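Okay, so chain A shows up in both of these, paired with chain B first and chain C after.
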Partner chain A sequence: MTAPLIDIQDLRVGFRAGGRRMVEAVRGISLAVRPGEAVGIVGESGSGKSLGMLAVMRLLAGGARITGGRILFDGEDLAAAPERRMAALRGRDIAMVFQDPQSSLNPALSIGRQIVDVVVAHQAVSRGRAAEIAVDALERVGIRDASARLGAYPHEFSGGMRQRVLIAMAIACRPRLLIADEPTTALDVTVQAQIVDLIAELRRDLGLAVLFISHNLQLVAEIVDRVVVLYGGKLVEDADVFAIEDSPRHPYTRLLKACVPSLTAPPGPLFAIDGAPPRLGAMPPGCPFAPRCPRALPRCAAEMPPLTVEDGRRLACWNPQ
Partner chain B sequence: MVLVRAVAGRVLASLGTLLIVGLALFVLTRSGPSSPARIVLGVDATVEQIRDFERVNGLDRSLLAQYGDWLAQVARGEFGRSFVTGRDVAAEIVNALPVTLSIVLTAFAIAVVFGGALGTAAALRPGGVVDRLSRFGTVIGLSIPAFWLSILMIRVFAVDLRWLPPGGYAPLSAGLVTHLQFVAMPALSLAVYYVAVLARMTQASLQETLRSDHVRTARAMGLPRRKVVVYALVNALPPVVNLAALSFGYMFGWALIIEQVFNVPGLSRALLNAISQRDFLLLQGIVFLFTAVFILANLSADLVNRLLDPRQRTAA
Partner chain C sequence: MSAPILSLSGVTKSYPRGGMLGSVFGARAPVLALDDVSLDVMAGDVVGIVGESGSGKSTLAQLAVGLTRPTAGTIRLGGEDLGLLMRDHAGPWRRRIQMAFQDSSSALNPRKSIGRCLEETLVLAGVDKAARPAEAAALLGRVGLGAEMLPRLPHELSGGQRQRVGLARALAMKPDVLIADEPVSALDVSLQAQVINLLGRLTGELGLTLLFISHDLALVRALCRRVIVMRKGRIVEEGPCLQVLESPRDDYTRLLLSAVPKGIEGRRRPPARTSNPEFPRP
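For the complex of A and B:
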């Protein structure tokens, strides 16, 4: 086993909710990623997946902050790093692409300028040399005739192309970790597949470690080695992608898998999990999924199951399948 | 080429606006009950004398014909000769305009510089000292009537402290310091409201930009904070530019009152005289000028925003 590139230990993220009361949205998540490994983070809205990754980037906004735990990147604790140090790491060692490519590029600046800015922020090169690096990155993400398009503005690109530009910006400085926060959610289905393929290809060619956040288990399964399932700010299952696909053990993982419509099954009503995720600040004392769980036992509602490790699978459930 | 066409289009549209405003102005000035002949010739004038006066000055012709004549004059750059004072209207305006312009431009500079700086500083630290001070200060700035502030300033700076003259005017040719001594109080009292308005707009717009996805991207890519802020300012500027242009136009209106308080021989004196004497041509000339200033200010705002936002460039 190689040492992990990033080792998130018992990460907690909270909001200030009126006065001094803190509400926790990420409630102690531990997760390690090895160099070059691709891990999918799956869960519904409000499961804490995006918030947790924003915490890793130290880009939390709107009153959210890290309330506990460590984020070891190459042995350095990012949770305690000063902002100046984070600015140096972001874009150079860890990069992140976001959900909505329509609004994630600055509309007033050409894409060339935006990528060049990132390059000169991290490397001691001239803007001319940085432009060559930008062209390189753009070609790598499949934008043809890149040197002619450096002067183009974001609104001259389609959504899928903008996401490619953002990915080019993210990989321009050859980071070791790419965090992709639902990078395909805002795109057409055909374009989604292209972007997923692109990320898989970049990972292979550049040796990138990838944290791919999604609510779509099937989409993630195509490119990752391992899937982590979050619910209610807790990690409920973490296993090899084939194990998750073939034999999910947490009831939530099973139901999540059933939610993705299949092309081969006969058409019928779409499956949905009954009920809604627990509200922040009103978390049940036991397993957060217990109120919606078809296999819930009396003890599930009262006591949070511990995270057990068995055959490389982590699981938090009193009554697994 | 695209730029030239877009500008030409805007200028044409502006000319149309000027024509319509001109017509409204023309009809309104002439719809008052008393004829200028009455005022020039006095209460004792006979009906014949008044008729003669109106014929000589073309006032007996149809409104439309008078409007046509006036437009033709304006197109040649002439505003006619006042039939009340006999003086050339254009010359009269050229005399008074620099006074008003000096006050308004100074006030505008104060408003843009201080409003922009205050709004930016407040937006960069929400909940900080500047933010709280500015929230409090802008409410006061927005609520104080400018004429009252003028009187207060005269009381403090002219009467009690004797730092500045209580009123009057000295042109720039009398020396910059002397000029500024006279302009300072009128410009400042005119500016206070607009400092508050522009500070509010700058703060709101910049705060919204700083919350936007592309600023988060810039931070996620490790751009230095200074650069992130500068770019955000560029993104946040268009609504501020539009409001500044509107403010510039409104300032001309408010300057009339301020000039009265400080007894400044600017456009307000000329305008008030024109109104009380039914000096139609002078009145038309001044209001026409105000309209042109308003339109020009907004046109410049559009052009500046085209430079700031590439989407407007291609959308033209």
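For the complex of A and C:
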């Protein structure tokens, strides 16, 4: 088995909530991704999925900080790396694409300028050569006539095209890991499908490892090899995508699958999970899903189940299916 | 056949291109947000309006509820002209049609408690002062929330709870028609289903006519009996929901259907999907 490209070990992220109290939002998550592997990270708001990945990029803001654990990238601990080192890695070895393509681009600079800036920041090339790299990256993400569009500004592109520009910027330096945080949520459905296909294609052609964050299991299942399910800052299940689809074992995974509306289900009420995710700072001592779980045992509310490993599946549940 | 409760006839809405400058240098053609749309909605109908950004679906909602006036054409609500109704009979107009918005955090005043927000609406509904607290609690009950929410401020609620409060406020006027503009698109999957089921239950219990605006065909399929597909300000296809979604006649409807994520089934049987990156911007 190949060594992992990134090996996140017991990652904890917390922030101060009034006074000296620390609230933990990512509560000990371990996760490894091999070179070229695509992993989906699925969870609801507050599951810790976005905060965990921002921690990997060391882009935490608003008082949030890494409170424990290690993030080994190629063996180097990013959690402890100096900011200068992170600035060199970010955009070159690890790149991230965000949900909102509108606010991720500088509206006052042409897209060519923005991509060239990224390239010259990381590679010892002239701006002329960097422009060629930018054209190449834009063409790779499906923007036709790219050299003529280098001078165009973000507002001249539709939302989907702006997301393509951001993906071009992310891949321009040939990173080994692409983190995509809900990259299609702000886009129209038809454009969403194109962007998902594009990420799958880039991964195949460039050998990129991908961490695809989404609340939509159905979307993630289209392109990833493996799905990691987070709930309340904890990893509850991690398995091969086909295993997650065919035989989910954590009740949350199973219910999450059931409540995605489909075009083939019989019409009528949708399956819904009662209740709401736990609030930050008010996490139950046991399994965070216990209050909403139809299979909960008395023990579930009192004690967090340990993460077990069986047939390549990781699972944290006292009463799995 | 009875008269439609909401009727649009030849409705067009155009905006000057490029905002202020566009109207100063008014040489360029205006943007047609809605282009000669005619539509009848019967009482008790549950209608899904689908389309992408720029399709005109939100413009249609804003026109129907009276937030903006059509450039041409007429809108009739309960048989009466909407413009005249708004001008001369604001009370009956508000009771006939209400709207719930996509973004529940900006639709509620952040400094007013949920109770106060509902009671202010109940004033417009003509409910006596003494009866308002109980009525506000009853409204919350109707959308599946407890009376303990009344003293809370919007930011103390989850997104799903705020969306329910938005619905409760719309229901306070006891409207005949409710327009819900992307009411669940900002919610997590597990909460989406709760709100969709709530809408379904409310239409049944209250005999409410619902216009459900969404880009998610699977949600429309779960909730609506009739669907209208819009593109570039025009209706491209309409009909009974299951019929349209199972045997679409328009290419754009087919494109929308092909774009719905198929999950793992799509990998077992690769879908025929249009991947043209430059599908014309609507």
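Brief remarks on what is shown
Assume the second predicted complex is superposed on the first by the 321 of 321 C-alpha atoms of A that agree within 3 Å, B and C clash if a C-alpha of one lies under 4 Å from a C-alpha of the other, contacts with A are read in each partner's own complex, and residues count from 1 in each chain.
Keep this in mind: a contact is a pair of C-beta atoms (placed from the backbone, for glycine too) under 8 Å apart; a residue touches a chain by one contact, two chains touch by 3 or more.
Computed from a prediction, not measured in an experiment: that's the story for all the values here.
When the two complexes are overlaid on their common chain A, residue A:Ala282 makes contact with neither chain B nor chain C.
By the touch criterion defined above, A:Thr190 lies against chain C but remains apart from chain B after alignment on the C-alpha atoms of chain A.
By the touch criterion defined above, A:Leu109 lies against chain B but remains apart from chain C after alignment on the C-alpha atoms of chain A.
After overlaying the two complexes on the shared chain, residue contacts for A:Val309 are found with neither chain B nor chain C.
When the two structures are aligned on the shared chain, A:Tyr153 is found in touch with chain B, with no touch to chain C. Touched residues of chain A, counted separately for chain B and chain C, are more numerous for C.
Once the two complexes are laid over each other on the shared chain, residue contacts for A:Leu89 go to chain B alone; chain C is not touched.
Of the two partner chains placed by the overlay, only chain C lies in contact with A:Ala272; chain B stays clear of it. Touching chain B in their complex are the following residues of chain A: 57, 59, 61, 87-92, 95-96, 98, 100, 103-110, 114, 117-118, 121-122, 153, 155-156, 166, 169-170.
Here chain B touches chain A in the complex through residues 211-225, 227, 231, 234-235, 308-311, 314, going by the rule given at the top. The residues of chain A lying in touch with chain C in their complex are 44-45, 142-144, 158-161, 164, 188-194, 196-198, 215-219, 221-222, 241-242, 245, 255-256, 259-263, 265, 267-274, 276-277, 279.
The part of chain C that touches chain A in the complex is made up of residues 52-53, 158-161, 188-194, 196-197, 200, 215-219, 221-222, 241-242, 245, 255-264, 266-267, 273-279, 281.
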